[in-house]
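Same chain, two partners: subunit A is paired with subunit B first, then with subunit C.
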Partner chain A sequence: MKTRILKGVAAATIAASLVGCGQSAGNTPASSPGAGTSSGAAGREDAYTVTYMHKTNGDEKFLGNDSFNDNVWTRYYRDSLGITLDYKVAAAGDDYDQKMSMAIASNSLPDIMDLSPSQFQDLAAAGKLADLSQVYEDNASDLLKQTIEVDGGVQLASGKIDGKLYGIPQLAAADGTGDLLWIRTDWLKALNLEAPTTMDELLDVAKAFRFNDPDGDGAEDTWGIGFQKDIVTESGASPGSFDGFFAAYGAYPRAWIKDDSGKISYSGIMPGAKQALAQLSQMYKDGLIDPEFGVKDATKLGEDIASGKVGMFYGNEGIPWGATKSCVENDPNADWQCYPIVSATDKPAKPATYVRISRYFAVNANCKHPEALIKIANAFQDKINSLDSTEETLNTFGVDPKTGVNFAAVAAFGMDPAIQKCNTYYAEIKATLDGETTVDKIHPEAARYYKAIKQFIDNGMNGHDDPVGWNYYKFIGPEGSWNTIINDYKANDKLVSSVFFGAPTPTMKSNLSSLDKLEAETYVNTIMGTSDPSAFDGFVDQWKQLGGDQITTEVNNWYNTTFADLSK
Partner chain B sequence: MKKRFTVSSLIIYIFLGFLSLTCIAPIINLLAVSFSSKTMVDANAVLFWPKQFNTAAYEYIFGDKQIYQSFIITLLRVTLGWAIDLALTISVAYPLSKDDPRIFRCRKYYAWFFLVPMVFNGGLIPTYLVVSRLHLINNIFSLILPDSIQMFCVLLMMNYFRGLPKAIEEAALIDGANWHQIMTRVYLPMAKPSIATVSLFIIVGHWNAWFDGMIYMNLPEKYPLMTYLQSVVLKFDITKISTQELMLNPNLWEITGRGIKGALILICTVPILAIYPFLQRYFVSGVVMGSVKE
Partner chain C sequence: MKKNNWFKKELFFHALLLPAAVIVIIFKYIPYLGITMAFERYDPLKGLFDQQWIGFENYRYLFSLPGFKSVIWNTIFIAVMKLIGNLIFPVIIALLINEILHPLYKKTVQTVLYLPHFISWAALAGIFIDILSPTGGLVNKLITSLGGNPVFFLGDPKVFPYTLAVTDIWKELGWGTIVYLSAITAINPEYYEAAKMDGANRFQQILHVTIPGILPMILLMMVLSVGNVLQAGFEQVFNLYSPQVYSTGDIIDTYVYRIGLVQARFDLATAVGLFKSVISFVLIVLGYKIADKFTGYKVF
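Up next, the complex of A and B:
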């Protein structure tokens, strides 16, 4: 009895000390479900407020006293659309995921939110998200629909469950995820070599780069071809990817490929992977692969590239922003160029592309104004993506010409037409350089890149005038990576898409991480010679038994249900 | 007597010197990295001396208003947190140091009450729920009130109080002082080393804490310095940023280097390094005396 009283007293003391700010424990307000509240914003009767949890890039900049809750875009939504967008949370990366988990756990979801694919799947299945099908049909402008459905609605279909649209995907540009072969052209010249077009030629170049002292310092300290440690990864380990190498044998370590009969299978267990591993193992034996590759991640390999120790690697189109740029700045003689990947067979090598949807924009089922999401999304299209956009609009809502602050980065639900964007810009920039059009006639954003490229062509790496001219030149310029993608890969129908990009299937959630580990261990052991290439067949059986077959079935089911409407 | 220089002391000096070097080397490396050009850092060519000396990293950091906002929040948090934590710690430690049941009848119960949470805690989500239901989210007090009593500090202080002679307390009682007066006028002035030690723990703890800032603060402009530092150091990894983002924001490329991170780490470390020497002299006596029990 005595202890019970004491407990009560103690609990009361603690409660009192915790709510010391004049709020008694008794009347703590019940949790608000986060429903849209119609607090009348000044001047409009139909004005309302929606709360929003936003995943940021982390590098957003503002002018003056602006912030997420008060900037050129939120003022525009409030004044023109009558929508006050209230950022409850704005955080980047893992911080955001943590906050989202907290919001889900404490049942305090906002009206509109950015969700990762698996969170999206869970919340939609739990009935926490609003059905946007009708809202999207009624409110989306033609331009928004055109932007989102440019791929024929494939990515949008992944936001549908049972035919109902629960989320708008942030569009991903799949074309750019295919591997390219990046080579140091000054080394090729120094050794009188040509860029390789077959696997045998690639091996010759790799050998020459390794043993013939391409940097002329008299020491055998260079690697012909650089790899990093993550083989089984979908997230694009670049530079040093294995994807492009495996593609020479028609296989990919982590892709889901649809065959002619429409069946989807896992490419990491295909016979091509065995051949690729046997070849890598031979290269390792010949001393062509850095024995430390197993502990080097993409950043570490980047250091080797930047310090001029690597002459060739597989990587994506964004490489000019990475280590190669540092390499070129450190060594004025160095130059990098991308080439199409090479084949080891008589069939052309096809790089795999991946749709990587980073987030879905979704609306709380309790929200009274689901149309806010679409209306705000329309605004970005009108201001930024519309071809009628004037320079002045772009300066106000896009990039501030004086300070370089990018307002567009803080626009909500900005749907970049990423899929065509690079294609269009590449064509426009090329036409301008060839004199077929003039800089004031092309899209203002393309014009920005054109100026950087022109600056580089005219003045070279001219100090700090425009430090990124080289980057744009090698990326979207006439010799850039998009040149290869458009004029080689796309023109010759060489891109193979990995068709699965949904949230993890049930068996993936439970078994995939151990399957990936098994695969990675088998691959690395084979390359390093600790296990024989023939052990691959055992691995394939094991992979299938440990849930791989089940996952394959689930992936096929996902594909057939998700895209059932599209194929009709 | 003049001390002789013996072989054993030589070995000790070499060993200690080496140990100190391993502590100072990473800081010197960071300093060199923060003053080098991004490209040299990317090539991993910088060790203990800057290459292609420049101050771009510092210009970037001090050109961003976030660092000032975060610094003010951390300053506020440290000051407020120090005052509140210290007051609470003293007011828990002092009564608990009275182990005579005639003076403090329920001491045993209270001791357990405070000891149990030292070992068990509510876990992340329940704690978050408590804080959010108290409407402390986005509020500076969410960084201060939870964990405002560190049991380690209470134990340290309690044992220090116990170590003081009981006769002083009795003398004060005879002179007519009440319990509050005894604490504030007699015991606290004698407990200065212990207060300094505990203050140091509290200040360093508040300065270094980043996780609560990440959980309870929802907008970047409310992040304390260490949460901001954590977000910058972990996030700006060139291999994790999409090409589309890079194309739109060319300055992203500039800030992905280790130079910015190094500079920021140094900026965040310097203030705490500066106050350490001043509290250091109390530190040893405070910890040692607090640990001795009669």
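Up next, the complex of A and C:
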């Protein structure tokens, strides 16, 4: 008796540890069809319903009783297009990923779905997805095609397998985002310094920020330059990115760079990375870098920036929204400005850009109406991105002026040409400020930014009193980050793109996590002086042996097959 | 004939038991089918029964991963430290709390000790990074004011595992006392009266009445916790570690998480789960046998 019960208990323990992956089985659709969805569509002969599994941001808001299944967009699809979009699942983050995995495992895919790059590749290869090539040709509006193929069709090409289009990628910022050097200008002034243009000058500024008491409180409590802990990442760890620093030596910890001969190689093992690490290690030894950077993530570094402990760091163009804004809010004297990144060699430093496709919109092979996806995608372009869209359309389908509820966020398959938009708005705002045009002639959204910026300039450009105006001014104003990107980076052809953005290759799936661990350890230990910079050569050999060479071959193959059509 | 009667008499009770048995079968035994995933090249697109059987290939792969052995060692080292700490300190604290006479003070102490249990590691990690900071953290300020050198608790690979153990013990300290406090209240007050009659002071009462009184509970907790020897605490490690302490702080769960991050590998996750369960099973049996042999105490 004794042993039998014991066995039962032990068996239950085993079972308890295994049910983990089964727990998501009890999923219920996050929102059931709204009550009022059936009225308008019923009248149409050609009306039909398609089911949809959608990965949300998790912060979508609705007016009144609206929901995913019943809102201004779904009513528009139903009444104008005759398509009832039935959200089977609308969930965010891991929650959605689990539900999608369950749907794949139980073979109960909806008509239309949001898929991660690897799910997309697996399903397309298994023949579960509809070929959209013809549907896209026939149904996509010129505006939609223009939006999607803004980068010359590079991202769309990743949705093709053997020349057939199986999914529409959610567009990622293609070549408009890169590291900038952000510096506290009030500290520069206090110490009588100029913004650095070379690595040597950057070191001088860092030393002055560390040891010459830029904040004037009599204590050595400021760091020369701020970094956060994630070095080997392409997920844009900002502020405190390492990419901009490595770029000074022509290397990037996490980029796949195509050389002149057309061969793609991993930049994290290039000699430039070794030089960058040696320099960082020296800076660490000199006390310019917070010894705790290795445990501080971007949020934690942001707190240091906001509290005036850091006066210089690398970060992307979105920085004015975050820590620097808190900094000027906290300190009436603080002001920040972005500068192009500096070079350590005689060649100009080029920031890396990454394409990060978060999802593919795909259609079930069994769906009778694959064109629904394209038709619905057209709607977003007509209402939001069209230059003809009026303030009234934007208020109805974009952002509600009264409550601030963002309707555009719940539109299905919204393709936002963010880069294009910023370029246009920047030009329009600048032209208006220069008196070349007037505010009523520019895009209503640009006009909104213009008004905030104009007010900020007129009121004496004090960020402490007007943080929102400061925010817009530093982003899209005449001295904003977008100005540097367009008039320095793009004008001088300085942006380098990391060319690999497909689903993980087979060897990546099996070996990449070990390689990443190896790289991250080598980098951090070199910077912190626990291992010598010469250990880098051993790391490179090990990296190649442990599957790195194989991954490089696979990346080259992926590139050559995916973009074979484009190069023709 | 007699046997038949017995069955009829108890049939009603068996019927009462049936729903519970069915639930256990559905939710605990049928999922056993999933164990097969550990021995398959699992492709979620195919059904559970159409998978490619690869035997112990997943295990061979796991153990061939560079550094997997040091990861296992880290896991055991961290987990064992936590096991011992989480066994000893709650007992001491429970004994101390039990000696507090003022009821309001006693309740306050208990509540304050319970609180950390309810804070998630994601939030605590941010707090610990500040408190344990080598530059300006509270703990290091104390150390330097006493003449010591600042310790980088979260960044020094030599110190990191101990930081993990101490912070975990601190967090679960109050929670662990609950079970001992309830065991103490179950001790017959007559024992204490008898001890007092014999002239035992408070310390002797603890030593000769309270501790023997809760010993069965301590042993039970020990036996149950031995199965956790491979559970080093994913949430805590994941929130506190960084590449510079991978060498001593990377555990099986975080390592597998990073593999899973590249792609959802159900087969590998199941293989690791089964591996951990089998070892836990063996250890529970062993722990139970040892407890049985040395104290004559039986759970079952």
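The working rule: the second predicted complex is superposed on the first by the 516 of 568 C-alpha atoms of A that agree within 3 Å, B and C clash if a C-alpha of one lies under 4 Å from a C-alpha of the other, contacts with A are read in each partner's own complex, and residues count from 1 in each chain.
In this section, a contact is a pair of C-beta atoms (placed from the backbone, for glycine too) under 8 Å apart; a residue touches a chain by one contact, two chains touch by 3 or more.
Since this is a predicted model, take the numbers as computed values, not measurements.
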**Asked** Touch check for A:105: first (subunit B), second (subunit C), both, or neither?
**Response** both
**Asked** So, A:327: does it touch subunit B (first), subunit C (second), both, or neither?
**Response** first
**Item:** subunit B versus subunit C as contact partner of A:261, first or second or both or neither
**Value:** neither
**Prompt:** Of subunit B and subunit C, which one touches more residues of subunit A?
**Reply:** B
**Asked** Can A:91 be said to touch subunit B (first), subunit C (second), both, or neither?
**Response** first
**Message:** Quick check for you: in the superposed arrangement, does A:517 touch first (subunit B), second (subunit C), both or neither?
**Reply:** second
**Message:** Quick check on my understanding: which residues of subunit A belong to both its subunit B contact set and its subunit C contact set?
**Reply:** 3, 6, 10, 18-19, 21, 105, 299
**Request:** Spell out the part of subunit A that touches subunit B in their complex, as residue ranges.
**Result:** 3, 6, 10, 18-19, 21, 23, 28, 31, 56-61, 67-69, 87-95, 98-99, 102, 105-106, 108, 173, 176, 237-238, 297-299, 302-303, 306-308, 316-318, 321-323, 325-327, 329-330, 358, 404, 406, 408-409, 416, 418, 421, 449, 452, 467-468, 471-472, 475-476
**Message:** Which residues of subunit C touch subunit A once you look at their complex with the stated criterion?
**Reply:** 27-29, 31-32, 34-35, 44-45, 47, 61, 65-67, 126, 129, 133-135, 152, 154-155, 227, 240, 242-244, 246-247, 250, 255, 258-259, 261-266, 269-270, 273-274, 276-278, 280-281, 284-285, 288, 298-300
**Prompt:** If you look only at subunit B, which of its residues touch subunit A in the complex?
**Reply:** 37-40, 42-45, 64, 106, 109-110, 113, 125, 128-130, 132-135, 141, 145, 214-215, 218-221, 231-232, 234-239, 242-255
**Message:** Which stretch or stretches of subunit A touch subunit C in the complex?
**Reply:** 1-3, 5-6, 9-22, 97, 101, 104-105, 107, 118, 122-123, 126, 128, 229, 231, 290-292, 294-296, 299-300, 504, 508-510, 512-514, 516-518, 520-521, 523-525, 528, 530, 546
